[in-house]
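Across the two complexes that follow, subunit A remains constant while its partner is subunit B and subsequently subunit C.
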Partner chain A sequence: MRIKLEQVTKNYGNVQGISNINLDVGTGITGILGPNGAGKSTTMKMILGLSRPSRGRVTVEGKDPFTSQDLKRNFGFVPEYDCFYEHMTGLEFVAYFLRMHDISKEKAEGMARESLSELGLELAMDRKINTYSRGMRQKTKVARATVFNPEILIMDEPFQGADPTTRILLMEKMTKWAENGKTILVSSHILHDVQSLTDNIALINNGKMLAYGNRHEIRDLINIPRPISIVPVKKGNLRKLAKIMIDKKWTKATAIDEENNEVTIETNQSEEIYLELPKILQKEKITVEKIYSEDDSLDSLYSKLVEGAQWK
Partner chain B sequence: MKSKAQVSERFRDFDANLTTRPWIVIGMGLRKFGQIMKFKNYGLWSLIVIVYLFALVRFILFADSENYPCMDMGDEYQRCVPLDYYGDFFTQGGTRIFLISIAAIASGGVIGNDMANKSIHLYLSRPISRLDYLIARFIPVFLIMILVTLVPNIMIFTSMWSDSGLKTDWLLDHKWLIFDLIVQAMVYSTGLAIIGLTFSTAIKKENPASAAFFLFIYGSSTICEIFFIALKVIEVDGADFILLLSVSHLLDCISFAIFDAKYYVMASGFPWETDISNIQIGAVFTVIFAGCSGLMYWMIQQMEANK
Partner chain C sequence: MEMIKRTLEDVSQIPVMLQTFAKRSKNVFPPIAKDSMYRLLINKVTWVIIAILLLPCLLGVIIYYQTDEDRQIQNIDGDKVYYNSEGDLIHEEKIEAFAGQNYMIIIIIVAVIVAIVFSSELINEEYEKKTMQLLKTTPIHSFEILLYRYITGVICMFGILGLGSILLYYTTMMSSGLHGILENLDVLSLMLKVLLFESIAFMAVFCIFTVYFEKPFLVGIIYWAVWERIVSTQNYQKLTVTHYLDSIMFDSAKDMNLGVDAEFFNLVNSSGDIIATEPLNAMLTIIIFAIFALWFGARGIANKQF
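Entry: the complex of A and B
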């Protein structure tokens, strides 16, 4: 299913939530990333039809989610916040929302049981939610959202407070759902998790869309030199290597890190470096332990696009 | 970690059938009714039991079918059991204070809790409209109020029929009364439910919403009555209209109109004459209840998923 945001602005009184956001999301997983207060949740809730834009247009399959009830049958929503009926068991909670759809109690409980078991809550589903750990709560929220078998799954910070085991389980499930043709929008502060899930990202900061698309393609569009680090086997080769590199036309700068035994060069022509470097090293008889660039990581992309210490 | 459970595809073909939307809304309402009526809600149950015991003692054990439903009180006024039932406890020996308390407890958290814990977003992200949600939340409060208004009155009616020897003629002569009892209970239940839900939506916290509702209905009733009597004593023209500021008195006015009885306010053991036309009552009723319904709908409509 296709989600489109066209020139969407959302104001809360005098405060601008998001401004002129454009987004076009298809099937698969898309990560919505940005610092606190960037406008991620606002964007997600407008897609869900919980909020309507002040200007611009939000459509899902060409329909307005705020007015189209029919569309909402395709939505699964995992909110960032806890919104449980604490006195209910996990099973009752998931079945309760299913029963909204006029299905029998037995069938609702059967479906809820399946959904909760799928997420590893088979032993806890009959306990009251107020006894649940943070991870169990996250799983219950995901079970409630996915039990409807939605085409679009909107997950606002689904990994928040979840232990590593829960995170891995949720990621496995999300990958599986995405492979089955679902459209999944996920926001997270844990960049590594999003990086493990998808290359498709939308970066929002201060209510503005900084970039969206494949993160590698986004990186290529940014005219900031890429760091490439080379770790020679012999520490004595550090200075020699740095001197060779600085003379090359594609090198913008070099730095020697004696403590970590590496030379880092900054370049705008990384592909050329990767082609030429083996030849240079062979000619100079320098053996290297590894060549790597952390620049392709989401973390690096963030620090380039989103200035601000809060991100870390 | 690998999950032990397998996905069962037979449970994965879920499709929300929107043709059953009325049933979805009714189902939501009935389930909420079931939740509110759980025995662990001691406060609510205690009040319901009090109302039933009160109805039993005051209107069944010590009532006489000869004077049912109404008896003349002087030349002008009539005293009717169904009107007394809704009357003030202290001046008429009615159940008003309990009914308002029940409405306060039943309605206080119905929407407010959903808004406070944000579960309202879970409902609104499903294929139901905001109006559907409001109707679904109105149903349980309305049903609880029917339980303490219509049902005891029907019991009193049945008891009086039994007292008359279960005669078919008596039943036929009083069939109009069943209709009146139903209309009266629906007016009270709808009125109190809508105002209760408005407080719940506006205040968003269960206990403060219940307290504010109780004070608004019962407090304004007491204050208006005191001012009414005071203005009557000093013979101020138009003193009657102050009663229209009290929801309880407004509902009483409608009740008296339903039973085609002349409206009076009972205070200090005397009936105090009033002169308010049905058109004026109808206009104020429409303004208050349409206003509350509109305000509540507007608040839900404006409610957006902000942090």
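Entry: the complex of A and C
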């Protein structure tokens, strides 16, 4: 299913929630990234039809989610905050929302039991929610949102408060759902979480879309040198390596980090370096432990974009 | 213009919507009713209200034991008829006490508090706990969200107040024996009828407040004090729920010789003319008003942004 946001702005009185956001999301996992208060939840709420844009247009399969009742059969929503009927058991809670989909009691209970068991809550599902840990609550929210096999899954900070086991389990599930053709929109302020799930990202800050697309492609658009670090096996080769690199035409700057035993070069032609470097190292008989660039990571990409990097 | 267009569209959709709701109700209504009833019954305020309702009943029992020895019995056609020490029929004296207490305590005060508390628990709590956001991402229609909670609220409100009235009737009338209790069942049924229509009307009013206002309790109290207590005694009283409830009560109470007149219910205008509405029309007005209120409330839920 296709989600489209066209020039969407949302104001809360005089406060601007998001401004001129464009987004076109298809099947698979898309990460919405940004710090707290960036506008991620506002964007998700508009897609879910919980809020209306002040300007612009939000459509899901060409329909307005705020007014279309049919679309709601296809929405699975995992909110960031806790919103439970605390007096219910996990099973009752999940089954309750299934009944809202016009599903009979017996069938709803069976589906809820299966979904909660899949998420590892088979022993806790008959306990009241007010006795649940944060991880259990998170799993219950996910079970509620996914039990009816929705086409669109909107997950707002789904890993928040989840223990490592829950985190891994949720990631596995999300990958599986995406493989089955679901449209998954996941927001997080923890970049690492999304990095391990998808390359397709939307970066939001202060209500504005900084970048949207494949994270590697986004990085290539940023016209600032990329750091590549080389760690030689012998510490004595550090200076020699730095000298060789500084003479190369594709090197903008070189730095030696004796403490970590590495030489870092900054370049605009990283692909050329990756091709040439093995030949140089072989010729100079320098053995290296590793060559790496942290610059492709979302953390690095995000900080560059937020700091107002230049664009080609 | 757009609002009129949307309203007309809504109206044209009503038959299809009603058909869909009726089909879905067997799956959607029971869990909502079960959850709503549970929430109302575990609410501490509900038990405070029940305790308040029991107080006049307790008073009735105390009076019974205090005056028990003064009663005189006469056997008429196999029925035991009780008289007080002055030779008056006890049930005639007691029924006026019951009607007065039931009207002043339950119908005027407690019922309004119950409606405010229940509507707040059923609707406002969904906003407070943010479960309304979850509901709004499911295929349930905003009218269903409101209607099923409203129906449950009306059933619970009428159930609690009705049982309170029955208990009050019994404890007040028990000194008049079985004869007195059976003799005045029409008064009890009138009170229950008024309570039913009061539940229908006030639950609808306060459901609207919980949808549209952030502090429904405060708005509800102000509405009741200003609109239902002051305006309901003036010339424009036909705009109040109290007028229609009093009209239902007045007509029957007059026939039952409960010693009340139009002025007692404030059903007169500034010229002194009786402006009571026919009971049947009053009942219909309340039902139509409740339907309109639910539609208006549902629009509020549908248009609410989070």
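Simple rule for what comes next: the second predicted complex is superposed on the first by the 306 of 312 C-alpha atoms of A that agree within 3 Å, B and C clash if a C-alpha of one lies under 4 Å from a C-alpha of the other, contacts with A are read in each partner's own complex, and residues count from 1 in each chain.
Just so we're on the same page, a contact is a pair of C-beta atoms (placed from the backbone, for glycine too) under 8 Å apart; a residue touches a chain by one contact, two chains touch by 3 or more.
These numbers come from a predicted model, not from an experiment.
Chemist: On subunit A, do subunit B and subunit C fit together or clash when superposed?
Modeler: clash
Chemist: Once the structures are superposed on A, label A:104 by its partner contacts, choosing first (subunit B), second (subunit C), both or neither.
Modeler: It touches subunit C, and subunit B stays clear.
Chemist: After the superposition on A, what does A:48 contact: first (subunit B), second (subunit C), both or neither?
Modeler: both
Chemist: Between subunit B (first) and subunit C (second), which does A:165 come into contact with in this model arrangement: first, second, both, or neither?
Modeler: Once the two structures are laid over each other on A, A:165 reaches subunit B alone.
Chemist: Check the contacts made with subunit A and report whether subunit B or subunit C touches more of its residues.
Modeler: When the residues of subunit A touched by each partner are counted, B comes out ahead.
Chemist: In the superposed arrangement, does A:122 touch subunit B (first), subunit C (second), both or neither?
Modeler: A:122: touches subunit B, not subunit C.
Chemist: So, does A:77 touch the first partner subunit B, the second partner subunit C, both, or neither?
Modeler: After superposing on A, A:77 lies in contact with both subunit B and subunit C.
Chemist: Once the shared chain is lined up, is A:302 touching subunit B (first), subunit C (second), both, or neither of them?
Modeler: neither
Chemist: Contact-wise, after the overlay, does A:147 reach subunit B, subunit C, both or neither (first, second, both, neither)?
Modeler: first
Chemist: Looking at subunit B, which part out of 171-179, 225-233 or 243-251 clashes with subunit C after superposition?
Modeler: 243-251
Chemist: Show which residues of subunit A both subunit B and subunit C reach, each in its own complex.
Modeler: The overlap between the subunit B and subunit C interfaces on subunit A comprises residues 45, 48-52, 69-70, 72-73, 75, 77, 79, 81-85, 96-97, 99-102, 144.
Chemist: Would you tell me which residues of subunit A are touching subunit B in their complex?
Modeler: 12, 41-42, 45, 48-52, 69-73, 75, 77, 79, 81-85, 96-102, 110-111, 114-115, 117-120, 122, 144, 147-149, 165, 168-169, 172-173
Chemist: For a test of understanding, state which residues of subunit A touch subunit C in their complex under the given definition.
Modeler: For this pair, the touching residues of subunit A are 45, 48-52, 69-70, 72-73, 75, 77, 79, 81-85, 87-88, 95-97, 99-105, 144.
Chemist: Quick one: in the complex, what on subunit C touches subunit A?
Modeler: Spelled out, the residues of subunit C in touch with subunit A are 23-24, 27-28, 30-31, 35, 38-39, 42, 129-131, 133-141, 305-306.
Chemist: Mind listing the subunit B positions that touch subunit A in their complex?
Modeler: 1, 3-8, 11-18, 20-21, 23-24, 27-28, 31, 117-119, 121-129, 304-307
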